[in-house]
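I have placed the structure first, in the form of structure tokens, so that the comments after it can refer back to it.
Chain IDs A, B, C, D, E and F follow the sequence of writing; residue 1 opens each chain.
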Amino acid sequence: MQYPLSPDVKPEFCTTGSFMRLPSSREGARLAILGMPFDTAASFRVGARFGPQAIRQASMLLFPYNPVQGVFPFEETHGIDIGDLSVIPHSIHRSYAIIAAAVEDLLRRGIVPIGLGGDHSVTLATLRAAHRVHGPLALIHMDSHTDTWDTYYGEKYWHGSPFIRAAEEGLVDPAKVFQIGIRGTLNHPGDISASLDLGYNVITMRELRQRGMAAVVAEVKERIGQSPCFLSFDIDFVDPAFAPGTGTPEVGGYTSHETLELVRSLTGLNYVGFDVVEVLPSHDPAQITALLAATLVHEFAAHVALNL
Amino acid sequence: MQYPLSPDVKPEFCTTGSFMRLPSSREGARLAILGMPFDTAASFRVGARFGPQAIRQASMLLFPYNPVQGVFPFEETHGIDIGDLSVIPHSIHRSYAIIAAAVEDLLRRGIVPIGLGGDHSVTLATLRAAHRVHGPLALIHMDSHTDTWDTYYGEKYWHGSPFIRAAEEGLVDPAKVFQIGIRGTLNHPGDISASLDLGYNVITMRELRQRGMAAVVAEVKERIGQSPCFLSFDIDFVDPAFAPGTGTPEVGGYTSHETLELVRSLTGLNYVGFDVVEVLPSHDPAQITALLAATLVHEFAAHVALNL
Amino acid sequence: MQYPLSPDVKPEFCTTGSFMRLPSSREGARLAILGMPFDTAASFRVGARFGPQAIRQASMLLFPYNPVQGVFPFEETHGIDIGDLSVIPHSIHRSYAIIAAAVEDLLRRGIVPIGLGGDHSVTLATLRAAHRVHGPLALIHMDSHTDTWDTYYGEKYWHGSPFIRAAEEGLVDPAKVFQIGIRGTLNHPGDISASLDLGYNVITMRELRQRGMAAVVAEVKERIGQSPCFLSFDIDFVDPAFAPGTGTPEVGGYTSHETLELVRSLTGLNYVGFDVVEVLPSHDPAQITALLAATLVHEFAAHVALNL
Amino acid sequence: MQYPLSPDVKPEFCTTGSFMRLPSSREGARLAILGMPFDTAASFRVGARFGPQAIRQASMLLFPYNPVQGVFPFEETHGIDIGDLSVIPHSIHRSYAIIAAAVEDLLRRGIVPIGLGGDHSVTLATLRAAHRVHGPLALIHMDSHTDTWDTYYGEKYWHGSPFIRAAEEGLVDPAKVFQIGIRGTLNHPGDISASLDLGYNVITMRELRQRGMAAVVAEVKERIGQSPCFLSFDIDFVDPAFAPGTGTPEVGGYTSHETLELVRSLTGLNYVGFDVVEVLPSHDPAQITALLAATLVHEFAAHVALNL
Amino acid sequence: MQYPLSPDVKPEFCTTGSFMRLPSSREGARLAILGMPFDTAASFRVGARFGPQAIRQASMLLFPYNPVQGVFPFEETHGIDIGDLSVIPHSIHRSYAIIAAAVEDLLRRGIVPIGLGGDHSVTLATLRAAHRVHGPLALIHMDSHTDTWDTYYGEKYWHGSPFIRAAEEGLVDPAKVFQIGIRGTLNHPGDISASLDLGYNVITMRELRQRGMAAVVAEVKERIGQSPCFLSFDIDFVDPAFAPGTGTPEVGGYTSHETLELVRSLTGLNYVGFDVVEVLPSHDPAQITALLAATLVHEFAAHVALNL
Amino acid sequence: MQYPLSPDVKPEFCTTGSFMRLPSSREGARLAILGMPFDTAASFRVGARFGPQAIRQASMLLFPYNPVQGVFPFEETHGIDIGDLSVIPHSIHRSYAIIAAAVEDLLRRGIVPIGLGGDHSVTLATLRAAHRVHGPLALIHMDSHTDTWDTYYGEKYWHGSPFIRAAEEGLVDPAKVFQIGIRGTLNHPGDISASLDLGYNVITMRELRQRGMAAVVAEVKERIGQSPCFLSFDIDFVDPAFAPGTGTPEVGGYTSHETLELVRSLTGLNYVGFDVVEVLPSHDPAQITALLAATLVHEFAAHVALNL
């Protein structure tokens, strides 16, 4: 056995701390946190590979009990943290294989994964794994961007394309895909129609505000019903005042309070997995972005506990 | 006389600037600002000992007149700043004695104190002094945490316990204690019932939002009436976007606007003192937390002026 | 030719020194961005001379299309960026001459200027130029301060006086001047009456909230009508949580969402120019202030496009 | 079993990552890293409780082999990281007991401890444990301060007194104590004679430079010989340019190169333990202090390997 | 009397803390620290108006005794801190008058001034005052720039010209002016000959290193002899690693150790005043620049004490 | 026409997006700066894509004349800045083609390129281009790492392998390759023998210090003679105190002064190109790393001017 764990065996950006000091043994677990420190598919600021460790550090500010949902999310689910996956920054396809294998393994053990990104490209690998186990998925995608752009300088796999690829690969049931919080300037008016053309439901931040959270939540619940559902949360859904640490921030987002209320209200769905992505510690001087992400993980875990 | 003032005489974290450059002579004063740079009772991030100087620096951005309340708070009260108390980081009990003595001296001169923390443990010392002068107190406690945990690894005096100690010592009239803004994850469901068991009124952030500020303010005013009242403000009451510089931030809080409106609306009470605590400059890169705290001090001072 | 250089053509992390990599040739342009890096008229924090470059850097996060207004603001206006003016920090009057000449030149070519400050003193020079071309102006002034203080230690030209000077010089039609967002502590009650005495309309942040955005916008539109109108935006209009990077922040402001909605709703006016001032990069660690300012420039440009 | 590890069981500033991802099993180990996140004995800036996790994060930049000494320090010693000790910030004496017990346990197993502070007060606890096992110790103490002040406002146990206490308790052999790097302003000329009166050897930074590193190293080696020797390294030994992240920096120190050369040259001593203390992440914006501390740990480990 | 001190009376960037908490009464004092927070004569980064308060804050890390020189500088000189002068950022000439009057008043009382800048333009005002009292001065000017450029866009008074103006005004004896540490790129080869043409002695950083500190110090001492001598220290003399917080940093400078040794070795001169300028807190994230400046003030004070 | 735009003509805070505001027209140019913002081949911290713009911003602190070498580097070479190349972060091979084509085009026009990285992988593309034009190259490689590791998780092209690939591709004459400044921990003792096995000359930082700069420079000059020579400078050659903003810092490096002296002394070589890589703005809070890199570019340009 080698001392210490060599960078030849695991990239050195994969540290060893765990979320809220959770254990790692899969035995009996129903929920697992896992780091996906892949970030080279980003188009602007990079560095989200350090997102998982920042979220884990911020998680030390959290306590075990969620009083709004009335659960001990991690105790009730025997939650674990299996650490960072050994993704390879220089190969998205090999990284995808590693992520998909790890997620599929968890799912087949009956463990709900909560992924910590990494840039948003990691979600495609997770969806592939979830699809293998559960078939076509419902998807709640909270983000300021649709991430259904096709290519970036001819490259098909980047952090702006996971949800067009997901549709092409048949991983999701388009009628049960909700992209919520979309806002900001666009390359073309067609940026949003790309999603609509895929059959996705796009609820812009303006529409969310105009219709109100309750109405949107009701529609989402009704449409998705008990289909296996994945929730992917890009931290830039939230306004940069509340989440400055991200790669492509967009002003005019929800507050942290509104965000928590939205996530908490999405109860009763058949969640098969979650992720929170695009946390960028280099632009998070007071660690408030990481704290918000960690709090969201706590809320995701509460949904898992409520579903037991 | 020694040049300069030696660290043997006053700890070196006690600097000499004053809030808005107020004078220090107690003669004729009805209001005094005083620093309580004690922070070693904190459980997570430490460094609030530098809070008072940060608040004073930020106070340079303020002007003398409060147009919402229509008063010159410091001119009308002959407000002073008596500087930082020589607390001793390695002894909470000796620090408590120093704080309590200074506050009692002010109160007996008819001067209303506004303490600048320091961690929240300092409030217990202030309440002791106020109780000596005024008897059992009404208390408005704005915070994201109840701070009625009993012990921390067997230690009874820390920044999570001042309000259970206050009840045990009979410093407050429990029916007239309002803990407002409570939110976030908990150790146990019992964390809040600890306050309820003491007879305190707990108004969580969710309840505050659901009932509305006006209803809550009306209840507080009616219950407290003209009892001598202390207002203790933990800066983590506010959302971390508005107050990142604090030791145990909690997402989902009030905005600065909402906070100011709440504080401003609590007129007509018989205030005997105030404090603002848990400002942590090391996590406040743009000094917005300190500015918010300084602005709150200005609002507290306006209440004193209105009560003249 | 496309305006501006699209991220489809060159990745957005490849900057060029201009806003969204706009070209600089005045030929055919109807809109021009220009830097006014003058900041020595500030009274507290200085350094807004680096505001223009920070806004330009943040502009790399923007895309060409404004989906709310349905326009490609820069393509439709053949928008350009003519760079930073060679202001002289040690002479406000010579700097004013340089700014006024540059703005007048643009206006006479039928090009709408969008100035990037610098401190707020630069607006006086712009108003002089606009007045030469258009006569007395309507003015929408969004700010937390009225900037109608008379002198600063006997100096008449500083960042707190542009709008009293503008009235004295007859540059504006006082009845068509709206100062929106005013808040915070004051030197004297008279600070606001100085504006009222000039005949300006002052809408404090509290009034804006009490009356509601729609009512205020309606009044502004009705009063100003089709008069040539300048919009001057001090970034401290916005709450420091959303815009920490500024010289004299004031808590209790609008959110970024509210701010964008307000600016977007002011359609149909006869805009002859815009500026966004007081962006201070040294206090903007995550660049969210600069991003908000850049987004506002995009919105201003949309107004120009809508007016074509 | 509880999920996750509760703050009731271990303070929440004790995270779970390990140095260079070392394992934790004591089986077969000859070297152990352990965190001592106690910082409330500091007199100025606090927050060194977060030093251990910062050093561990920075350790990810290190590789297994030390080419100067020609060893694989951790592989050869079967090095482990046993995590952070559950110190109690509000009780130095209970924290001392916890630290001393853990260190003694390691020493009795034949494992050389490398402690990560925390403030310098932790060294006293370590020396107590080492003394129990090895008797009076030689001590190499690198620091800009002697830390032989007696009391701080009457408190005997603080980060300025561990080495006067150590002498009083008979933990060290004064003739074999070397305090190296002392510099900066003093309270009294007697600050240094306090050390001399204890029989310690004080080598100021000026003397170190004047005599040269080689001469000093030779003297240290000769005097200490094969006595059991502890090396305590306060990061403020180094100049603040190279180690800004510390609580009481002192300009005029060694460079990182000089520091490494000094530490590397102290071969052939009978080391029974090491620590590196006073790393303060809140003042280490680029993490260079933590990296230097981690590199020193690597060098300490090399000494252990060379002694096998 | 007004409460609090209004910004109408003193600019709000003039805070009230004192260096090492020195008193302010001129009675019996032989040394005075005074802030000169004027910074609008800078050509690049601005913000040195906050230098004095940063230096004062950092001074809290210093102790009363200087062991290298063997003096208690402030006790022996009855040192005081008279606070920040009410300079006016928008008028260099009025600021000059204020500075010169204050310095002259001190000098006539037999008090040696140590000015805290502010940008380097303040030194001209100080030299004027010193010249009025002492006649033509010897000058030791440590800097990376000669500051003998003539004009900046036609403006004669800026931070790059104080020493050409000083010569023109006859304030210095050119043969006794030493500019030490000059380095970096230049506008023209003539930048240095401008100083030589004035009759100044220019010792570049390269020459200082080649000849060695001792030789240069010997020459300076011999040439200056007992002429009344002013020492002006621009913090950019030091390498940016040791002093990042400055407006126009220049790589390749002295270390803090070398700098202290140089300053300490310049004993036996007839010092009539000192200043340390161009400390820019906005670029000093760990406050090491301010600490170095404060330490230099301590050394300057030691020279005054040695001269008593 | 003057190269570059002088601060006499436009204040240096007025940027334009190019290094020292150089023009871009290739006409008559003998030297070109170009950005290579490719950073996804990094193994630890990413974000060097923002290095070029940080270096350009810092270049505003430089002046046209280099007094040590006695040249106006940019005027004499008609230096230009052709901007950032449109590299594609998701494809190293397509990025390599873009870089190589741009560099080859410059070289064929007789223009010496100075590349601004980006991570160190970009150098391979540059060497390919230079090899096409000049045949096998001499190489001076200043770095703390050899960058001759073979693969990273099976990927051959990453920032740790350019110099093993260069040898394999025959781009360099191994006997004329000098790797200078190597230090720090290693994966295996073989990390350095990998370079030696390629026939490279490895001069570790310790050897550089032991033999002295002059001896090493003499050897380099003698061995390389007038072979076409490329100089590749990884900013982590320098100690982190002087260059904190980099991805894989290594303590114990040269100071900025030593670095400049080394680079300046390497005169008389037949330079065909230069680069400076691995500048990471997210870890450069005071911009001193970018300033050092910009200063090195100025020195490189001086070599080109001296060779005219």
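A few remarks follow.
In this text, a residue touches a chain if its C-beta (ideal position, glycine included) is under 8 Å from a C-beta of that chain, and two chains touch if they have at least 3 such contacts.
From a predicted model like this one, the values you see are computed outputs, not experimental measurements.
Common neighbours of chain A and chain B, listed by label, are C, D. A centroid comparison over C-alpha atoms places D as the chain most distant from chain C.
Shared numbers divided by all numbers used gives the overlap of an interface; between chain E and chain F this overlap falls below half, so the copies present different residues. Each chain's centre was taken as the mean of its CA atoms, and the one lying most distant from chain B is F.
Comparing A-B with the candidates C-E, C-F or E-F, the pair whose contacts agree for more than half of the residue-numbered pairs is E-F. With each centre defined as the average position of its C-alpha atoms, the distance from chain B to chain D rounds to 38 Å.
Mean C-alpha positions place chain B and chain E at a centre distance of 41 Å.
Chain B and chain F have Cα centroids lying 55 Å from one another. Multi-chain contact residues, meaning those touching two or more other chains, occur in chain E at positions 6-7, 12-13, 43, 60-61, 63-64, 153, 239, 241-242, 255, 283, 285.
Chain pairs that touch, as defined above: A-B, A-C, A-D, A-F, B-C, B-D, B-E, C-E, C-F, D-E, D-F, E-F. Residues 43-44, 153, 184-189, 191-192, 205-206, 209, 239-242, 244-245, 248-253, 255, 283-285 of chain A touch chain C in their complex.
Put simply, chain B touches chain C in their complex at residues 60-68, 70, 239, 241-242, 255-257, 260, 285-288, 291-292, 295, 298. Touching chain F in their complex are the following residues of chain A: 6-8, 11-13, 39-43, 45-47, 49-50, 86, 88-92, 94, 152-155, 157-158, 282-283. Note for the complex: chain E touches chain B at residues 1-7, 10, 12-23, 53, 56-57, 60-61, 63-64, 72, 74-75, 77-79.
Residues of chain F that touch chain C in their complex: 9-11, 13-18, 35, 37, 49-50, 53, 57, 83-89.
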